[in-house]
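Structures incoming, each one as structure tokens.
Same chain, two partners: subunit A is paired with subunit B first, then with subunit C.
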Partner chain A sequence: MERQDRRIGFLSAAPIGLILLVSFLAPLLVIGIFSVMPQKVFSLLNIPDFSSYKLVFTKGYSKSLLWSFGMAMTSTGILFVICWPLAFGMAKVFKSFSLVITIAVVVTLFVSENIRLFGWVLTLMKGGLIEGHLRTWTGFTFEGALYNVPVIVFGLVYAYFPFMLFPLVQGIAMVPDDARQAASDLGASRWQVFREIDLPLSAPGIVIGGLLSFVLAAGAMAESKLLGGQTVIVIADEIETAFTYGQNWPLGSALSIILILIIGSLSVFGVSRVNLDLIMGGKRS
Partner chain B sequence: MKMPRAARAALYLYGILTILFLYLPIISVGFASVSKARYLTFPIKRYDTKWYGKAIESSTVQDLLWTSLSVALLVTVISMVVGFFGALAFARYQWRFRRTFQKLILLPIFFPQAVLGLALLMWFNALGVIPSWKTAVVAHLVWISPITTLIIAIRAYSFDPALEEAARDMGASTWTVMKEVTGPLLLPGVVSAGLFAFLLSWGNFPLSLFTTGADSTLPEWLYAKMVSGYSPLVPSVGILSIATSIVLLLCGVITMWLLRPRNKFSSAHTG
Partner chain C sequence: MSAEPILRLENVSKRFADFFALSEINLEIQEGEFLTIVGPSGSGKTTLIRILVGIEELTEGKIWLRNTRIEQLPANLRPTCMVFQSLALFPHRSVGENIEFPLKLRKQDPKRRRARANELLDLLHLPQSFYEKRIQECSGGERQRVALARALAFDPEIIFFDEPLSALDFRLRKDLEKELKDLHQRTGKTFVYITHSLEEAMIMSDRIAIMRRGRFEQIAVADEIYARPVSRFVAEFMGEVNLFDVEGTATGGLKGDGVEIYINAGDSGHLLNLSAGMRGVLVVRPETVRFMYPGETADFIVKGVLRAEYALGSRTQYKVEAQNGDELAVEKLREDRFLGQVGDQVMLGWNVEHTHMITEG
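Up next, the complex of A and B:
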């Protein structure tokens, strides 16, 4: 029985393992090697000189990195605050309404992200849904709300909303009602119940949700391009430019590697602290 | 801890407002798609559905639809099969590298997609493969097959391993167990995973951007037209793409509903 489990386990993991090996780990290795190649070469058969990394730190690319991570952190913070009450409602208060919200949110995920962002452009631009109607109905007008940093953060919050919401719901559902009841019977205020019971016991959901929205926002590009115009250049944008217009693959690879290292270490750190069996509905073992 | 009535009402209201907020941009695109004017301004003065007609007649749009459809269908089929086995390895069997495997599966989901697309482009170049819609299938699979694995794994967690053991004790071969017990038990998970796979591939943009080569998918074309050289077809093509997703979603939900009665073990799990 045990032996058979081991063999079948390995065999079942093989197909997806193979896909990830050939088309995930191998490409990462390739950009890893490209990143140490001399400037503007297109082959892996050169003598490494690490010049791209020097360029990254001298040519002000750290600014884009800071923008990306700063905006990602801000949007993750905002997401936590706006998702918590809703997630709490979905896990503990709503009954069938919770299913309605789940379906409504999942359906938006199936609409291409750039169509939705384009929708925000139409909504927020001068002469758009909001400004246009406001002007005809009240005569009041303003200069559209696009092309600045706050609107990019707004776009990130909008785009990654489900990635914070669902893990939080899952996390809050893991908090036993008895514990909350007991704390409140013993005289804990609402705020204390939140801090001492809800927060620590739903931590796995918070970690996954925070990690997902942060990581996805840090690597995002469409929000800053469509909503932000060219107000700030984010890191993913720099990477794309280096590969396409810049025709400098080593530089693009070095930038990617830096982004991957930061994101990767965060994810590995976060994921290793969470019991995946438990959060996905398995039994405590 | 009973919640006061007012707080409950406020939470419900918050939920409704959130849904409205999520759908507001889609509503805007919907209005824009039926505006008669070539250069759109709100409020819309005259409504017209001519852009839909033009979009459907356009051979460019037909090509885009076809490419997107081919990619999504292939991705769906492959990721369902791969996800089925992956989910068993993820959730069900106790084998040596299970924990490592679980983490490996999560990594592509956490990965910035545009960067993944570029990395794949480098890789294809190193291998001498010319990018086309077929390479986009590979790119989509890297991201989507972990997702189907997770969806099916949720289902796999909820069934009792004793069912499989019982079948094996009664002399069923590994293949028979798979076909008669595991397969039917996981079927609802596999169907919803397939639905997710199709819809996520259909709408995906960052992975396609660098990996389709000379071919182009619907979301890629839309993006190109949004960033430069706006076309009045953009809103109507966007709505057509959304409509396709919704029709498929409905078909999927109906399939799931039809599969329900046959799934006689589902109430037997001890989860």
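Up next, the complex of A and C:
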């Protein structure tokens, strides 16, 4: 009976499973093969060489990689710090008011990221909302706040805020209140409760939030382009350039593969460290 | 018991919006005592204990631990701790790490911590191999012991218990009740236990405090509460009981509805002394009521019909419908059981020494 159920389940899931598998694997495969093709070819029917990878490591692309990962890491760290108190409040304190916050945060996602970033450009640029008003009212002026690394990090933090916030709320909601109370009763200070109870017990939420915002930020391009004005070139930008202006698909593919490998192994490592069933509604047995 | 109480509560109140969960509680707990607070759900006992350990704040009042006011101290700075109803064990830590938790917070050296954890495992009859065991792999009774060991590791001045045994099955609960009492004697710590089970309270405690609607109705040793309840509520709470409304007569005697009273002002003693017109309630426990056979006499007599008989193992319980329609409970040891049948006309009697009077003014 159970075996038959399983077979029926498997069969009915097969078509969509197949489509998903193909649509996920095919592009990866194409990119993988392109990455070992000679420079600037547009066909997969060439003798493989690894010139693209050589180029990646000799032409200073590692700098872009470092910028991407560095800013992703910084923004993820900042996101964790600013989201934790809010997430804690939403999970444990605010009760029905949490819904208001949830809606407020979700509504921002209804507008495309690029448009929101342009909004920030108009706000921060010289002659924009802030500098313009300041100049009119006080006569004081400055060069605007755009085109530097901190503003890019700010953009990343702004754009990926929901991706850290909601998993954290889920994670913190899983921490039993009585475990926190018991820890405090047994002598734990607030900090110790945080470190010994909150942090480990909400780990699934932290890992998911951290991975989502890190992965998205590492592959982000709009923030560095629009807010950063290409003060620094991020890896996603390099990939786009290689595929478009550079007309060098193998180089773009090699860069992509490296990015995928790093992010992929980070994700696998992170996910393997926590029990994700818990956040999907599974029970701590 | 020393004269100086270890914990003293003065007019402790807790208000939620316009509802008083606790109203002006006064209590003294003696060092080394096993005090049980009993009450129905909603009586405020859990609120009280949470205030005492510092998880909840009081609205008004003072709490002294020896000579220190502690009501403003947060839970982590109070030298007391609590065994939660849920036990609140840390699911991400092993049994050993759970027990060591308070010691780790004090930055105690890992070797000493581990030695202490092993001592406590021994004390609670858990094998030392449990040190590495995951909490999820422990049974209910084992978890109970781990929670207790963790509380003892903290070495508190007072251990509070918030109905920790309520989730266990009957047999295990009985065993653990005795073990807890034994542990109390061996450690000499002050235990404050809350429960809604009177039996649990009677087995373990030195003193019992009966709580109702945010107040204490009576605080005394178990036997005193059983034999001399101060109110109808306590009398009924302490198990099966027969209550009779009575009134003092002008001649110094008593008259009651449905009960024939054959005592005079002289031999009733001050116990039953109601002046004329004063009302009271007679409290008679079912085991002190006997079936009367022709020729016997008693101070109080009720006539009725035997309506039901329940075998309780060592005892047998009877329901008798009195002439005025009231239902009475009688309990006899199995060897003294009544030889009649359901439906028989019976006469019940008891004497003044088994009768307690609650005056109601």
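Everything that follows uses one rule, which is that the second predicted complex is superposed on the first by the 267 of 285 C-alpha atoms of A that agree within 3 Å, B and C clash if a C-alpha of one lies under 4 Å from a C-alpha of the other, contacts with A are read in each partner's own complex, and residues count from 1 in each chain.
Here is the rule we use: contacts are C-beta pairs under 8 Å (C-beta built on N, C-alpha and C of every residue); 3 or more make two chains touch, one makes a residue touch a chain.
What you are looking at is a predicted structure, and each value in this text was computed from that prediction instead of being measured.
Enquirer: Using the superposition on subunit A, decide if subunit B and subunit C clash or fit.
Expert: Pair status: fit.
Enquirer: Mind checking the angle subunit B, subunit A, subunit C on Cα centres after superposing, to the nearest 10 degrees?
Expert: 90
Enquirer: Applying the document's definition of touching, compare subunit B and subunit C: which contacts more of subunit A?
Expert: Touching more residues of subunit A than the other partner does is B.
Enquirer: Does the superposition put A:Gln181 against subunit B (first), subunit C (second), both, or neither?
Expert: A:Gln181 sits against subunit B and subunit C alike.
Enquirer: When the two structures are overlaid on chain A, which partner does A:Gln192 contact: first (subunit B), second (subunit C), both, or neither?
Expert: Second partner only.
Enquirer: According to the stated criteria, A:Ala236 is in contact with first (subunit B), second (subunit C), both, or neither; which is it?
Expert: The first partner, subunit B, only.
Enquirer: Should A:Ile115 be classified as contacting the first partner (subunit B), the second (subunit C), both, or neither?
Expert: first
Enquirer: Go through the superposed model and pick first if A:Leu201 touches only subunit B, second if only subunit C, both, or neither.
Expert: second
Enquirer: Counting only touches as set out at the top, which of subunit B and subunit C does A:Leu45 meet: first, second, both, neither?
Expert: After superposing on A, A:Leu45 lies clear of both subunit B and subunit C.
Enquirer: Could you look at A:Gly89 and tell me whether it touches subunit B, subunit C, both or neither (first, second, both, neither)?
Expert: Touch partner of A:Gly89: subunit B, not subunit C.
Enquirer: Between subunit B and subunit C, report the minimum C-alpha distance in the superposition, expressed in whole angstrom.
Expert: So the smallest C-alpha to C-alpha spacing between these two chains is 5 Å.
Enquirer: Quick check on my understanding: which residues of subunit A belong to both its subunit B contact set and its subunit C contact set?
Expert: 181, 184
Enquirer: Report the residues of subunit C in contact with subunit A in the complex, numbered from low to high.
Expert: 53-55, 74-76, 81-82, 84, 86, 88-92, 101-102, 105-106, 136, 150-151, 154
Enquirer: Applying the document's contact rule, which stretches of subunit A touch subunit B when the two form their complex?
Expert: These residues of subunit A touch subunit B: 1-2, 4-17, 19-20, 23-24, 26-28, 30-31, 34, 42, 44, 85-86, 88-90, 93-94, 97, 101, 104-105, 107-123, 127-129, 131-133, 136, 158, 161, 177, 180-181, 184, 193, 211-212, 215-216, 218-222, 225-226, 236, 239-240, 243, 249, 252-253, 256, 259-260, 263-264, 267-268, 271-272, 276-277, 280-283.
Enquirer: Going by the contact rule set out above, which residues of subunit B touch subunit A in the complex?
Expert: Subunit B residues touching subunit A: 1, 3, 8, 11-12, 14-15, 18-19, 21-29, 31-32, 40-43, 81-83, 85-86, 88-98, 101-116, 118-123, 125-126, 138-139, 141-142, 145-146, 149-150, 153-154, 157-158, 165, 168, 174, 199-200, 202-206, 210, 218-219, 222-223, 226-227, 234-235, 238, 241-242, 245-246, 249, 271.
Enquirer: Please name which positions on subunit A make contact with subunit C in the complex.
Expert: 176, 178-179, 181-189, 192, 196-197, 200-201, 284-285
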